[in-house]
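In the two complexes below, chain A is the common chain; its partner is chain B in one and chain C in the other.
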Partner chain A sequence: MNNHTELHIHPIERIWIIISFAMIGVFAIAVLTAGFAYGFQLPVPEDRVVDPNLVATPGATAFGEPGLRELSPGNMEARILAQTWSFSPKEITVPVGTKVTFFVTTKDVQHGFHLEGSNINFMVLPGQISKLSTTFNTPGTYNFYCHEYCGVGHQTMYGQVIVTP
Partner chain B sequence: MTRWLLRGLYATLAVMVIGTLGFAILQPIKVLPRIGLGPGIVLVDQDGGSLTSDTLRGKIVLYSFGYSRCEAPCRGAQTVLQEVQRQLKAEGMAVPVQLVTISFDTVHDGPPVLRTMAAAAGADPALWAFATGEANRLKYAIGGGFEVYYGPNDADGFDYDPAMMLVDGWGILRAEYRTPTPKLETVLRDVRLLMEEAENSEGVARYAYEAAHLFLCYP
Partner chain C sequence: MYAHENRLTAWHVGIAFSALMIGVLLGPFQTWEHAGLNLYPALRAIGIQSYYQGLTIHGILNALVFTTFFITGFLTFAFTHSVKRASKYPWLHTTALVVMTLGLLITAVPLLLNGATVLYTFYPPMKADPAFYIGLTLVVVGSWITGYGLLFTWSTWKKENPGKQTPLIAFASLITMVMWQICTVGVAVEMLALNIPWSLGLLPGTDPQLARTLFWFTGHPLVYFWLLPAYISWYGMLPKQAGGKLFSEPLARLSFWLFLILSTPLGLHHQYVDPGIPAGWKALHAVLTYSVFFPSMLTLFNVVASLEIAGRARGGKGTFGWIMALPWSEPSFTAQALAGILFAFGGISGIANASYDLNLVLHNTAWQPGHFHLTVGTGVAFSFMGIGYWLIPKLAGKELWSKKVALWQAWTYFLGMILMSNGLHILGLRYSVPRRSALGVAPYGSAEWTPFLIESALGGTILLISVVLLYVNYGMTVFAGKKLTREIEMPVAENAEGHPAPAWLDTWRPWLVGAVALVLVAYGPVIYMLLTRLQLTSPGFKVW
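Right after this comes the complex of A and B.
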């Protein structure tokens, strides 16, 4: 029984050991929860895979003619093609209250896509289509930009969503 | 005494953790994800009868879309549906399955045209219905509900993103095939998985199926 007392650990050190192991535990639980309960997984579903060499060819994929399409009144989808160093289209206009689903992919290197004032923020990888939806409830101009450094023209890579009243 | 209690507690915990991990890794039961609630649909079928998402409850429904003058983009789905119909009839269905092809050409494709489409496709009326509906409602159901784009084009036809949707007996969307060339094996596998689930997920087994959802035991 006395073996324990011979190994002296300072109380503060003991606390830090406990904290560091607790952190590992919390991270493990977070990863497992994200993976199993919420379904964050790679690779992406079959219908969100695209050939980056063909993606910009009109007719080959829906990104051949990027832009807005109306699914039903108040529900639109925006297909945005990223390339060094621009988005096409650079500007989209939607009426207030519209739910817009963004599909974004790139025909060259890795980019990012962040839309100010919304939950839309993802990486844009060649060969994959990133998808997220948001509803524009307030009229105004919302900027979107590339937030993954993609070369010397990175700072020119931005666009706007204009929400009209 | 306390030591044995503690050991028992650790053993129980270990069994729970190993069991959970084992279920998640080995995936003894496969299910299809619950993507979302399918839209409410009101249709008129090829005999002028009413076909709605409510009357289709309890059936596994495979929706496809097109119109009578549609060429290439609708062929892929039609070929797969013909084979699905043939195989389901051959092996019998434990749970009723309904194939529904919805025409979004509401002006041109009335019941007589739908009958011609059904005959051309070799559709068995007991299994495969051709239907259309009121333009505005269809737009909300297909565009808004299934998020499948279609719209008139300059050539007096429709632009359309080829897609098929699999809805289970509870009206929940379980699989989407957003491609002009759906894979027959995948579609048949998914229909069979839904049949198995509807047959087997009763009583205690229901919890095993819920666990399969929780651990994402997807094919």
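Right after this comes the complex of A and C.
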């Protein structure tokens, strides 16, 4: 039987192992610090569950009449309904400096939502509502794309946020 | 020797490369479409109805069929020639091949008839023909049977060789198969409990969030199932092919054990932006994803150090002179070495994806196909092509038709992949360009994207040239090659330092218990939560 217990490690490889561990440690700390101390948001459940078959019915949920809603000056909520192959509304206009919280769900297959050049990027799943917010500090027109394959018209599915000065 | 195993491997490898041929030929059409040259109307003549049907076939054949068939064949061959013992139950291996081939044929029907244009992730509630799910399930079941066959042979070999350490190649082949057995539980449950009954109409609806979670339970370790056979070649064979020895066999064994433990409990890093998964679990999987970086770093050091031994043994001098002394005139070596170089860059772009927060910028952008064409598309597939340069002549009993053509193939693949993946990475990072989209006809396309779309199309075109060279060479070897006048042996690298692996690197129980325990801790509560909130509310949709 093999009674050998010691793992022989070459001295240079030992240094390499220490460097590898240090890199992993630095990465993990950097990522978690950024994620939790600096408030990066990811979409999370928060019990926002809906029936995808009813979600688009007016009156049944807030997505029955999707669109922008002002909560307080400078603070808005955008409820966006995804379906093959469009977002409704397709276009929203907000004044510069507005904080917008996006709520997005789908009434059919999976979709995605990515506002170009921003951290607003999430999956849109039937039965779930995805939520993330951002503040628009620069006037301009920003596209948001469906980034999950949703059928033959997938490449036509996008919308725009117009930020007015 | 081992005629039965060799013949079976020949079938596996033959089916694998035939599937890959169809799959890769569809690839360049995507890059051309993105750059504005839409040839899909012409593809209707051969039954490809849309960009997305082509993309589905590309993904299924390359990433699922080619890999699984090649790996089951290659591991059967490698294991047998490593322990130098014929299979205990040859009929099990034959059964595996039959089940896998049957599965492939059943999947192929809806795939080719546009009945399963759901891409290789087949996210519900997009609903494919039931045959698609049933066929893919059979392919996985067949691959399990190959693993059982190897395990039976190994336990007999152990009895016949008491006290003997399992050779590295056989040991790593077993770890790959056991890891695969653990991680495929996710997709097996997704298929058997959700997709198959739902597509047959036995379930009124499905739960897309649960299905995604089960899919990625298997989906990330799947990449280690692809990668470990390449590592087996890089650790166990390539140093010998280069004329050297394996720098440290004990640390090679340690890294395979770490892959067994760490491959599975980290799949949620594909779901950082899923709405139905709590943030704490995503963060835990982020940390676990970084820990699997460690055995990859071990591998990088060990394989490069082994090649340095080879280069110096061949007379290479100086800090970098040994690199030039490596056998760059041998296509099998060159293909695998170039695959390893690009794989390192794929690993780096993967570290960005694995990041809990950087992923927000990159998720589902063109960066992703840029990333995985360097990892599975190069590190794995290109290495398998390189292995093919000695394995196919061995199995066919023929000399390789042309070394020169093979070297051209390797360097064009390297160049083409650099251009294609570089373009895709930039498009995703800088312009948020979505992946999986027929960009050429998308209304949101921007002129700023054009140079990078053209770069990637140029890369795709060079890759097409490369695979044509590959198949001409393989085809000429098998069907018109000169008969082998010498025996080709599987290259097996010796342990350079002569320090044997300690006993704790030869004991299965603690590592297996650790692997299962970590999966239960990392996934148990998440799956339990999803089951308590089960929403079988999504009917199926056919949207293509």
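Everything that follows uses one rule, which is that the second predicted complex is superposed on the first by the 118 of 165 C-alpha atoms of A that agree within 3 Å, B and C clash if a C-alpha of one lies under 4 Å from a C-alpha of the other, contacts with A are read in each partner's own complex, and residues count from 1 in each chain.
Going forward, a residue touches a chain if its C-beta (ideal position, glycine included) is under 8 Å from a C-beta of that chain, and two chains touch if they have at least 3 such contacts.
Keep in mind it's a predicted model, so treat the numbers as computed, not measured.
When both complexes are overlaid on chain A, the residue A:Asn121 reaches chain C alone and has no touch with chain B. Once the two complexes are overlaid on the shared chain, A:His147 sits against chain C while remaining clear of chain B.
By the touch criterion stated above, A:Thr101 is placed in contact with chain B alone, chain C being left untouched. In the overlay built on the shared chain, the residue A:Glu77 is in contact with chain B alone; chain C does not reach it. Taking chain B and chain C in turn and counting the residues of chain A each one touches, the greater count comes from C. Once chain A of one complex is fitted onto chain A of the other, the partner contacts of A:Ala37 are limited to chain B, with no touch recorded for chain C. Residues 35-36 of chain A touch chain B in one complex and chain C in the other. Taken together, the chain B residues at the contact with chain A in this complex read 24, 33, 139-140, 142-145, 147-149, 151, 161, 176-179, 214-216. By the touch rule above, chain A contacts chain B in their complex via residues 35-37, 39, 41, 46-47, 62, 69-75, 77, 101. Taken together, the chain A residues at the contact with chain C in this complex read 1-10, 13, 16-17, 20-21, 23-24, 27-28, 31-32, 34-36, 40, 42-45, 48-49, 51-53, 84, 108-110, 112, 114-117, 119, 121-131, 143, 145-156, 158.
Interface residues of chain C facing chain A in the complex, by the touch rule stated above, are 50, 52, 55, 117, 119, 123, 125-126, 163, 165, 207-209, 212, 247-248, 250-251, 254, 271-279, 282-283, 286-287, 290-291, 293-294, 297-298, 301-302, 305, 351, 355-358, 360-361, 363-365, 431-432, 434-439, 441-444, 497, 499-506, 533, 535, 537-539, 541, 543-544.
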